[in-house]
Amino acid sequence: MRPSGRAFDQMRDVTLEMGVAPQAEGSCLVAFGRTRVLCTASVETTLPPWRRNQGMGWVTAEYGMLPRATGSRTRREATAGKQSGRTQEIQRLIGRSLRAVVDMGALGENQIILDCDVLEADGGTRTAAITGAFVAMSEAIGWMKARSLLKGNPIRDHVAAVSCGIYRGTPVLDLDYLEDSEAETDANFVLTGAGKFVEIQGTAEGEAFSAEELNDLIALAQKGIGDLVARQRSVLEAI
Amino acid sequence: MRPSGRAFDQMRDVTLEMGVAPQAEGSCLVAFGRTRVLCTASVETTLPPWRRNQGMGWVTAEYGMLPRATGSRTRREATAGKQSGRTQEIQRLIGRSLRAVVDMGALGENQIILDCDVLEADGGTRTAAITGAFVAMSEAIGWMKARSLLKGNPIRDHVAAVSCGIYRGTPVLDLDYLEDSEAETDANFVLTGAGKFVEIQGTAEGEAFSAEELNDLIALAQKGIGDLVARQRSVLEAI
Amino acid sequence: MRPSGRAFDQMRDVTLEMGVAPQAEGSCLVAFGRTRVLCTASVETTLPPWRRNQGMGWVTAEYGMLPRATGSRTRREATAGKQSGRTQEIQRLIGRSLRAVVDMGALGENQIILDCDVLEADGGTRTAAITGAFVAMSEAIGWMKARSLLKGNPIRDHVAAVSCGIYRGTPVLDLDYLEDSEAETDANFVLTGAGKFVEIQGTAEGEAFSAEELNDLIALAQKGIGDLVARQRSVLEAI
Amino acid sequence: MRPSGRAFDQMRDVTLEMGVAPQAEGSCLVAFGRTRVLCTASVETTLPPWRRNQGMGWVTAEYGMLPRATGSRTRREATAGKQSGRTQEIQRLIGRSLRAVVDMGALGENQIILDCDVLEADGGTRTAAITGAFVAMSEAIGWMKARSLLKGNPIRDHVAAVSCGIYRGTPVLDLDYLEDSEAETDANFVLTGAGKFVEIQGTAEGEAFSAEELNDLIALAQKGIGDLVARQRSVLEAI
Amino acid sequence: MRPSGRAFDQMRDVTLEMGVAPQAEGSCLVAFGRTRVLCTASVETTLPPWRRNQGMGWVTAEYGMLPRATGSRTRREATAGKQSGRTQEIQRLIGRSLRAVVDMGALGENQIILDCDVLEADGGTRTAAITGAFVAMSEAIGWMKARSLLKGNPIRDHVAAVSCGIYRGTPVLDLDYLEDSEAETDANFVLTGAGKFVEIQGTAEGEAFSAEELNDLIALAQKGIGDLVARQRSVLEAI
Amino acid sequence: MRPSGRAFDQMRDVTLEMGVAPQAEGSCLVAFGRTRVLCTASVETTLPPWRRNQGMGWVTAEYGMLPRATGSRTRREATAGKQSGRTQEIQRLIGRSLRAVVDMGALGENQIILDCDVLEADGGTRTAAITGAFVAMSEAIGWMKARSLLKGNPIRDHVAAVSCGIYRGTPVLDLDYLEDSEAETDANFVLTGAGKFVEIQGTAEGEAFSAEELNDLIALAQKGIGDLVARQRSVLEAI
C-alpha cells in the first residue's frame, strides 16, 4: 500500500499552467501532486562561445529550489557560493532531455534558456521540471514563430519524464517524497512522444535490482509518460 | 501624468496572501501591482554563533530574484557564485526592518529566517518584501505560540515599507518600474504601525533634491504605509 | 554629555591633506578626529564595458579597511576571498555620491576610480571617505585639465558627507565610535555645496524615530556639511 | 566495423595492477585499453559530520584527470577554482557504486576515500575507475582486517562497470574515445558480481533509442561485467 | 651608475617610526626611500587549530598593497576574490623570517599577527616589511611584558632584510623599482642580528649568475642588514 | 648517518623516462628515489594576453599532487576550490627555472605548458619536477622542430635542480622526506648545464645558518646538479 493510497501504476494529479510568467517568452507552472516547479523559457540571441557561427541554436537549463520548498529550510545556493553537485546534475539532465527533441538548425542562431525553480518539493522535481520545461519551451517557440525568427519548426517531438521505483518490494509509478526516501531503487525516465528513450537513470539505493525489476519499471514509465504527453498536447493546443 | 494613470498619491493594487508555502511555518505572497514576492518564514532553534546563550533570539532575511522575474533574463546568483552587492544591501535592509519591531527576549533562543524571492519584478521589490515578510513572520510567530515556544509576544508593532520618488518633477507614491527607471530621486521608507521611522533611504539619481521635496516624499510615505499596515491587520486577523 | 565633551552640534577636528600619494593622479588623507582615510583617485582610459562608446565617462569607488584600523583585528577581505556586504554597500554609496556632482559628458571617455582605505577607524569612515574622495577627485581632474584631457569642467558642485544620530535621546552631529555603538538612530547625509541632498540614509538601531527627530538630524547635517565644504574649498584653492 | 577492429561484444585489453601506490592502504592501476586510471583507497577514522556516532562507516570517492590525459590539454580544476559538473557527477557515481556492495555496519566508524585520477583518457574513464576502485578498496579492507579494525567482512559482493553504446547503428561493448564521440547512444552500467544492477545510465546523444536497443545494451553489459569481475577475483586472490 | 646616484653599496634613506597605529599592540611605519609599509602587530589569544594546547605560541603575517601604491592602479585583491600567488609567497616569507627569531615557548599560547600593508611601492617592499614588522612585533611584546602575559623573553635576536641585485653588470645594494625592473639578478636576504642567514632567495631574471656574483651579493647584504639592525636597536631603545 | 644510509654527498637513484604520456607533445616520468613526478609538456598556439604579438613565446608550469602521493591523504585542491600558497610558489619556481634557459624569440609565438603532477612524494618534489620538466620540454621542442614550427633552437642550456640541507649538523645532498622534516636548513638550487645559478632558495627551519654552511650547501648542489645534467643528456640523446 502506498502512503498516498494510490494504485501502483497511478500518477499523482498533474497540472500544466502555461503563461504564468508574463515577462518571459514562455512559461509553465507544473504540478505533480504537491511538487510545483515554475519553468520559464528565455529566448536570447547570444550563444555560448563554442556554438557561434555554425548556423545552429542551443538549448540549456538551470535548476534551483527556493529555500523553503522543503520541510526544513535548505541553504540558498547563492549564499553558499556555488551550485551543489546535485543541482548541476539535474540541470544537465534537463538540458540534455530538451535538446533531444529540438532541431538545432531550424532554431537558427538563437539560445533558449530554461529556468526551472522549485516552489514546493515533494519528490520528482526533476521529472516535473522536464515535463513543464517542454511546455515553456514550446510557448517560447510559438513566440518566435509569430515574429518569424525561425527557419522551420525546431520541435521534432514531445519529451516528458517520470520517476519509478521499487517501494517495499513493489514497482510503483511517480514516487512522492515519502516513497522516494524509502525506495530500494529509484529510476528516472525521459521519453519522447513516440515512446523512445532519451534518458534512463536507475540507481539502487538499497539492494541491487534484477533485470526483471528493471523491465517492470520501464513498463510503468512508458504508461506514465504516455499520460504526461497527452496533457502536454492538450495544454499546447491553444497556441 | 504617471504611466499607469495613477494619482500622485495612489498606490498600486496590493494583495497579501498568507499560507501559500504549506511546508513553511509562515508564508505570504505579496503583490504590489505586478511585483510579486514570495516570503517564507522558517523557525530554527539554531542561532548564529555570536548570538548564542544570551537568552535572546534573532531575525534575519535573505533575498533572491528568479532569473525571469525581469523583462530580460537576469543571471542566476547561484551560477555567478555570489550574491551581488545589490542583493546583499536589500537583504540587510529587510532583516534590520523586521528586527526593529521584534522583542528578541520574548522570542527566546530561536531564529526566524525570512526568505523573500521575487517571482515577478516591476519596481518596489524590497518594499513589497518587507511588507510581506512581516505577515509571514507573524504567521510563524502564531505557529510558535500554538506550540508554546515563546516567552511572551515578541511582536511589538507592525512594520511596512513603500518607495516614493520624484518623477518628472512631481513627488509620487509607490514607483513602478517605468517610473523608477526615470525618476530623479528614489526613496525607500520603512515605518512602524505607530508611524515612526525605522529606515529612510533617499538617493538622487539625477538632480540632488531639496529639503522641501524630501518633506513631500515623507508625507506620501506616511500615507502609503498607513494603508499597508491596515491591510496587514486585515489579513492577520485570521490568526 | 558626549563622551568626547563636544557640543551636540560640534564636529570633530577635520583635516584634509592633498597629494599624499605621489604616484596617484589625485589623493587626500582625510581625518575626522581619529578616523583617518587615505583616498586616491586614479585616472584610467578604460571604461566598464557597458559604458563604452557613449562619449561619457564614469566614476566609481572601492573601499577597504586595514586589518588593524580597529580596536581588535578585522579579518582581511582578500584572505576571506570576498568583500563583505557592508564594504560593498559603502563603496556603492561613495560612488553614487561622487557621480552626483560630475558631468559625465565633460569627463569624456575616461574613468576615475576612487580608492578609500581606512587607516584608522573611529566612526564615520564612510562620510570621511566621501568628503576626502571629493578632494582627491578634484586634484585628479586638475591633473587632467593640465594635460588637456577634458572637454570642459566636469565638476558641477562640491559634495561632502556627515553622520548624525540620536545619542542618549539627543540629536548630535558627527558620531564617533563610542557614540555610534550606542546611538538609537544613526543617519548618514550626503549634500552638495548648494545644500541639496544627494543621499540620506537613516536607520533606527534601537527605537524607531519620529518625524521631528528626523528634522533635527537634517538640520545638524546641513550645518556640518556646510563646514566640510568650506574646508574642501580652502584646500582646493591651491590647484 | 569498429575503429579498433574489435568485435561488437569484445572489450579492450583490461589490466588491474594492485599495490602501485605504496603509501596508500589500497591502490590499483586499472587500464581499459589506453585508458589508465590510478585508484587509491585511504582509510580514515574521521567520518563526515552527519555520519558520526551511528556505529557505521562511509565510503566516498573523488575523481580527477591530469591535464594532459587528453589529446589537447584540459584546464586543471584546481586552477579553475572548482570541479566541473561532469567531475562531480562522476565522483558521485563512483561513490554510490561502491557503497552498494559495502556493509557499513561491518566497516565500523571508519571512512574509505577512493581517489580515481585519470592518467590517460581514451573513453570509459568512469567505468574503469569503478572497476579499479573496487580492487583498491578491497586491498584497503584487507589492510584493515590484518590490523583487526573491522567488525566483520564489509564486502558483500563485487562491483564493476562498463559502457555500451549504439555506434553507427550497432550496439557495441566498451566504447573507446573514437566511438564515444560519435555514438548515438551512450550507456553506463554498474553491476554486482551476482549480476544485479547497481546503476544504469543511458543517454541518447543523437536519436532516441528503442526498448529493443536498450535490451541489447543490457545484454552486452552483463557479458562485459562478467569478464571484469572474473579479472577482479583473479587479482584479489593474492590477498 | 645607479639611477638614484647612490654608490653600489649604499642603501636608501631608511626610517622606522614606531607606534603609528594607536589601536594596535605594536606598529611601525617603515620607509626604504619612497617605499613605505605600515606594519601592525596584533596580539591574539586564539591560536590556529593545529597549534593549540602545546604550550607554545605562533607568529604569522599577512601582506597587502593599497591599489594606488604603484604607478598604475593595481586591482584590489578583495575584489579579485583571492590573494595572488605573489602576495602569498611574500606573506609566507615574512612569517617564516619573524618566527626564526622567536622562542615560541616563551611566547606562551598567544599569537602575533603581523599585517604589512604597502602605502607606497618603489621596490623592496618585502624586505622593508620584514624589517618594520620586527619593530612592530617588538613593541607588541613590550606591551605583553607590561601586562605579564609572557613566560620569558621570546625575542632571541633581531631580524632584518634587504634586497641586492646585479644591475647593468654590477652587484648593488637595496634595489629601487627602476633598478629592480631591469636587474639581471634579484636576491632577497634575511639575516639575524648575529649575521646568520634566515633566508636567501636569489633569482636570475635574465642571465644566470656565477658563484662569484653570488658571493658579492652576500657581502652587500651583510653590510646593509648590519645597518638596518643598528637602526632597529636605536628605535627600540625607547621601550 | 643518514636514514637511508647514503653518503652525505650521495643522491638517491634517479631515473628519467621520456614519452610516458603518449598524447602529450613531450613527457617525462622522473624519479628521485621514491619521489615520482609525471611531467608533461603541451604546445599551444595561444599565448597569455599580455604576451601576444611580440614575436616571442612563453613557458609556464603548473604543479599538483595526487591526494595519496603522501603518507596520509592530502585534500584535493580542486575540491578545496583553490591552489594552496605552497603549490603556487612551487609552480612559479618551475616556470621561472625553465624560462631561464629558453630563447623566447626562437620559440616563436607558441606557449609550452609544463604540468608536473606528483604521483608519489618522498621529499624533493619541486627539484625532481624541474629536472623532469626540462626533459619533457626538450621532447616537445623536438616535436616542434620535426614540424618546422620553430625559428631556431630555443634551448640555450640544460637546467636541473636539487635540494640540500643541514641534517643533524651535517650538510647533505638531496634530502628525502625523513631528512627534510627534521633538517635545520633546507635549500633548493636550480643551476644550468654550465653550472650557473638560476635560483637559490635557502631557509633556516630551525637555527639560522652561517655563511660557511651556505658555501658547503652550494658545493653539494653543484656536484648533484652536474650528475642530473649528465642523465638528462643521456636520455635526450635519443631525439
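Labels A, B, C, D, E and F are assigned to the chains in the order they are written; within every chain, residues are numbered from 1.
In this section, a contact is a pair of C-beta atoms (placed from the backbone, for glycine too) under 8 Å apart; a residue touches a chain by one contact, two chains touch by 3 or more.
Chain by chain, the UniProt names read as follows: A, B, C, D, E, F = Ribonuclease PH.
Since the model is a prediction, treat every value here as computed from it, not as a measurement.
K.L.:
Which chains make contact with chain C and with chain F at once?
P.N.:
Joint contacts, listed by label: E.
K.L.:
With touch defined as above, tell me whether chain C and chain E contact each other through largely the same residue numbers, more than half shared, or through different ones.
P.N.:
Answer same: the two copies use largely identical residue numbers here.
K.L.:
Measuring from the mean C-alpha position of chain A to the mean C-alpha position of chain B, what distance in angstrom results?
P.N.:
Roughly 33 Å separates the two chain centres.
K.L.:
Suppose each chain is reduced to the average of its Cα coordinates; what separation in Å results between chain A and chain E?
P.N.:
59
K.L.:
Measuring centre to centre with CA averages, how many angstrom lie between chain E and chain F?
P.N.:
That pair's centroid distance is 28 Å.
K.L.:
Counting only residues that touch at least two other chains, what does the list for chain C look like?
P.N.:
Within chain C, residues 82 contact more than one other chain.
K.L.:
What is the shape of the graph in which nodes denote protein chains and edges denote touching chain pairs (line, ring, star, complete, other)?
P.N.:
ring
K.L.:
Beginning at chain D, go round the ring through chain F first and name each chain as you reach it.
P.N.:
Cycle of chains, anchored at chain D and oriented toward chain F: D, F, E, C, B, A.
K.L.:
Given the complex with chain A, which residues does chain D contribute to the contact?
P.N.:
Contacts found on chain D: 82, 85, 88-89, 92, 96, 100, 157, 187, 191-192, 194, 196-204, 207-211, 214, 218, 222.
K.L.:
Residue numbers of chain C touching chain E in their complex, please.
P.N.:
Residues in contact with chain E: 21-24, 27, 34, 38, 40, 42, 44, 62, 64, 66-73, 76-83, 87, 113, 115, 117, 119-120.
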